[in-house]
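Once you scroll down, you'll see the structures, which are given as structure tokens.
Consider the two complexes below, in which chain A is the common component and chain B and chain C are the respective partners.
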Partner chain A sequence: MNKIIVFKSLIYKPYFYFLLFLVLAGINPFLISGNNPYTTNLSGRLEPPSAEYLFGTDNLGRCVFSRVMHGARISIGAGLSILLLSLLFGGTLGILSGYFGGWVDEFVMRITDIFMTVPTIVIALVLAGSLGPGTKNVIIILSITMWTGYARMIRGLVLDIKNRHYVETAKTIGLKNSYIMLRHILPAILPPILVMATLGMGRNIIMISSLSFLGLGIIEPAPDWGAMLNQGTAYMRTAPHMALFPGLFISLTVLSFNMVGDELGSPGNGSQFFMGAGNPGSQKGIR
Partner chain B sequence: MWQYLLKRILNTIIVLFGAVTLTFFFMHFTEGDPATIIALDKYGGQLISPEAIDRLASEEGLNRSIFVQYTSWLKLICTGNFGHSLRSGVLVLDEIRLCFPYTFALALISVLITGIVATPLGIYSAAYQNRFLDHITRFTASFKVSIPNFYLAIIFIFIFSVKLKLLPSFGCDNPTHFILPVMVLAVSQTGFTIRIVRSTAVEILESEYVQFAFARGLSMNRILFVHVLKNIFIPVLTFLSLQFLMAIEGSIIIETIFAWPGIGKLFQEAVFGRDFTMIQALVLFFAAIVCAINLLVDMVYVFINRSISLIK
Partner chain C sequence: MKNLLSVKELKLVYDSPAGKAHALRGVSFNVEEGEIFGIAGESGAGKTTICRLLMGFMGKNAGISGQVYFNGDDILKLNHKDLYRLYSRKIGFLPQSIASLNPLLTIGTHITETLKKNLKVKTKKILKQKAIYILDALEFSDSGQVYNSFPYQLSGGMNQRALLAIAFCCFPNLVIADEPFTGLDPDLRDHLLETVRILKYKKNISMVIVTHDLKVIEKICDKTAIIYNGSFVETGETKDVIKTPLHPYTRSLIKAMPENGMIPTWGFAPGALYNDAGCSFQPRCPMGSKEKKKHIVSFPVSAGNNHYVWCLNAKN
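Showing the complex of A and B:
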């Protein structure tokens, strides 16, 4: 029921609709813009925004608006893939190290220590330099760099849950560890993970566009927002719209994900469901 | 306390060692032969011949097995010598020493400005909650987290260099070149710092001795600037030291945009040029800065705790 309250409160938020719009654009960009993002038109280069080209045209005469719309698929798609991969990997390690403790914990935590010492963008750039650009590589690179944060946070959540009575009881009656982790611990920590994931989407999109902006992520002719920004900087004086619009979309998207994350995580609107106390797992316990 | 410090330092060394190892193996995922790429860079497309590549590879030891390269690199670090750049041939350490002051200046100035702006604003929005200033700072803080630095930089360049033609947008020749990059870094940090200062100040304002100060009839300004400011100093300083790290990290992108001759740009160029020795040295350098600052913050806390327990 609480779930419904949260989604009801989202219905009144404009940023929720912005994300829906982007998802729609990601599924079928041609619904929103009729122009082909790859069609070059050298006689119409660097044109300012007009009725036909809402965001103007770029240095090869391509429609910036349709490129931004097609970019939604890349940003959201790649962001989601990175999220799933890093969450799966980091989450598994986090649950294992939180639950078992001991040397497993020690090992995983030392590795995350290393990742946390070297700035994320530095690791990402080292990997990007050796793997080379491309959408697939960006997903691999950022999954490798982003999993540690999730592992740490999920470990913390598990440490909190694992001493609850219901988990102790489950252990006492001799349930298998794997069963306890999947059926008792995972459901209990799922709500905060959802919040974490929403906020993580914002971070992923920033990282993707940073790499592309530096020329080491998704590169031309793919319509990625970061790559478009990178190209746009060269034309700041003649055609500022080339950089301003893709950047605006990066910012709005990240802002929307952060807002939704805050909304899901904030207390007061059904967030007992999302944070701690009333989690489904604890009700299975014996009082 | 000394035992704790020793343990921390030992831990730091292990982590640094891990970072070096990790980057070493990450770098060798490469597709394409590094010697070829470097030779292409060094001699140009026409002059390159298989012999030249082989010679370069054997000179730099790039044709040895990964583990041999790894151990020789470790030995090199232990002697305090980081080798020379594969591209320019200059000693890596010299180049870092030359570039770091630029990055350091940028980070330090931006953090100082952040502290000077954010502390009073944060304290005021804590004292006068839900007033205009409080709303403004909350709004800008949540907004700023979402704007990537490079977009902020582009907006600033657009406004101040392209439209108003006031400030230079790249290079580093005179003090005016500092303004835009410092502004980007400071703006990106200020919003969040204000929120941190605010929440710390709220806690202090609710504490008993401040309530007592109110009861004694002290003026709001006196309470804010004597009681609150004094106690907020350490937490804010801690937070600013983390912001300093963020600024160093952010330098990679900021320096690329503003053509700033610091270590961020050096790193980006090294990555593009597959300059292995340079990349490794810089990663170690970045990690060392992070470790040093964290260690410093921890030490400050240890000393404070000790003086507190001595008073008791």
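Showing the complex of A and C:
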């Protein structure tokens, strides 16, 4: 019942449909664009947008529109994989350190501190330099660098929840720690995690594009938005559409994810996703 | 009858910025099988501390001394694993407020997760049957619906009964209740106490009830101890303690009951930092000792029939 409330407020939001469109494009890009993103056509290079090539063609005569659509799969797919991996790793460490406290907490948090002292992009660049480019490597590299924020945040949430009366009562029943963490603590911290995840998704897409832009991420001929942006910069004067559209899609996607996160985080929405039970007054939602 | 729980010289001292704080100053009592033992006292007297110590919840802090024998095992010396095995199967805990129910789980989940820990057969059907059985025993009119409800969908009294169900569902030998039924209206409280009494007789369950409500003590407890500032001031059969109180503090408590005119006693308890050898009630004592003499009352005075009082001036 509470789940419907979330989507009800999202139904009126255009950015939600933009993301749905991108997900659809990611699942089957040929549904949306008829052209093959890998077919080169040297006689028709750098053509401006037309009816056949909605976003024009690039320096090898490939259809930019179909490349952008195929890029959605990489951006959203890789972004989601990074999100899940880093959330799993950071979340596990965060819950453990928050729940047990003491030296476990100290140990995990000092490691997190070490990671956080160095800017994310620097670690990512160093790792990318040593591992080399490629989609799989990008996912590994960014998962390694992105988990710290989640660990920190989830630890803080657990610290709050673990002092609730019902967690103590669960201990007096004699339930196992692992059970208490999964059944009593995790559901209570899910709504903020959900918000964090949508916001993190935007950040992930930017990071993937940044690495690709620098030539250390996803490489040609795979159609990645960041790599396309990188190529487009060389033709900025003669064919601005080459850089414009991938750039636009990066911005719009990140913006949409952030807006969804914002919407979920606003009172009466995300907080009710799972927490409606704790809030008897707001069963029907605030809006 | 056999002793189920016997507490010997239980003390808790901890370091505070202002010096050593005595939360408990040597408390001893026995709970026999099928007996309800009540501990009453004002806020800060150490009631909840006793509860937590009996549950083995304070860990192995340096400041704890004394023994808590439950079925022959010293709870304070048991390791974590053995202790957790005892919980809810041998020792149940009845918490104070309905905040002890997880708002995200149904009442049924709460009961089944407790049952699941202690039963060998763990099929969903049997767990549900058992949960419904215990809910029926607690006089819910529609147990099936309560089983599927979240705590917010039930009233305060129903939630309290759900807590009873969780504490009693495995029929433990001993239930420790930390201020149960606080903040409920008297009718409902009496009803719940009656339910507890019936459950207790059916399954021969012993209880330790910690409360500041003398009504609860009067209605349900077989034996009573009055605690003041970390030490017992009077123990005995409930009827003796309530009808013929000997300690001035017990008398002032009884005077402060609504039907006795709610006459307050001036002053406050000296607190955990009080460290004189004498009676800690002496500053407030209405019975004199005007010479400010410190009574040393490390041993109780017997008044017959297991009635003990820690006061030298107690009139017989």
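Convention: the second predicted complex is superposed on the first by the 268 of 287 C-alpha atoms of A that agree within 3 Å, B and C clash if a C-alpha of one lies under 4 Å from a C-alpha of the other, contacts with A are read in each partner's own complex, and residues count from 1 in each chain.
Keep in mind that, in the parts below, a residue touches a chain if its C-beta (ideal position, glycine included) is under 8 Å from a C-beta of that chain, and two chains touch if they have at least 3 such contacts.
Small disclaimer: the values here were computed from a predicted structure and weren't measured.
Contact with neither chain B nor chain C is seen for A:Thr92 once the two complexes are overlaid on the shared chain. When the two complexes are overlaid on their common chain A, residue A:Asn36 makes contact with neither chain B nor chain C. Of the two partner chains placed by superposition, only chain B is touched by A:Ile206; chain C is not. Once the two structures are overlaid, the count of chain A residues touched is higher for B than for its counterpart among chain B and chain C. In the superposed pair of complexes, A:Met236 makes contact with chain B only, with no contact to chain C. In the superposition on chain A, contact of A:Val254 is made with chain B only, not with chain C. Judged by the touch definition given at the top, the superposed model places A:Gly174 against chain C, while chain B stays out of reach.
Shared-chain residue A:Asn59: touches no atom of chain B or chain C. Across the interface of their complex, chain A is touched by residues 11, 14-16, 18-19, 22-23, 26-32, 142-143, 145-148, 150-151, 154-155, 157-158, 161-162, 169, 245, 248-249, 252-253, 256-257, 267-268, 271-272, 274, 279, 282-283, 286-287, 290-291 of chain B. Here chain A touches chain B in the complex through residues 110-111, 113-115, 117-123, 125-132, 202, 206, 209-210, 213-216, 229, 232-233, 236-237, 240, 243-244, 247-248, 250-252, 254-255, 258-259, 262, going by the rule given at the top.
Partner chain A is touched in their complex by these residues of chain C: 55, 57, 83-89, 93, 95, 97, 99-105, 113-114, 117, 150-152, 166.
Within the complex formed with chain C, the residues of chain A that make contact are 164-166, 168-176, 179, 183-184, 187-188, 274-275, 277-280.
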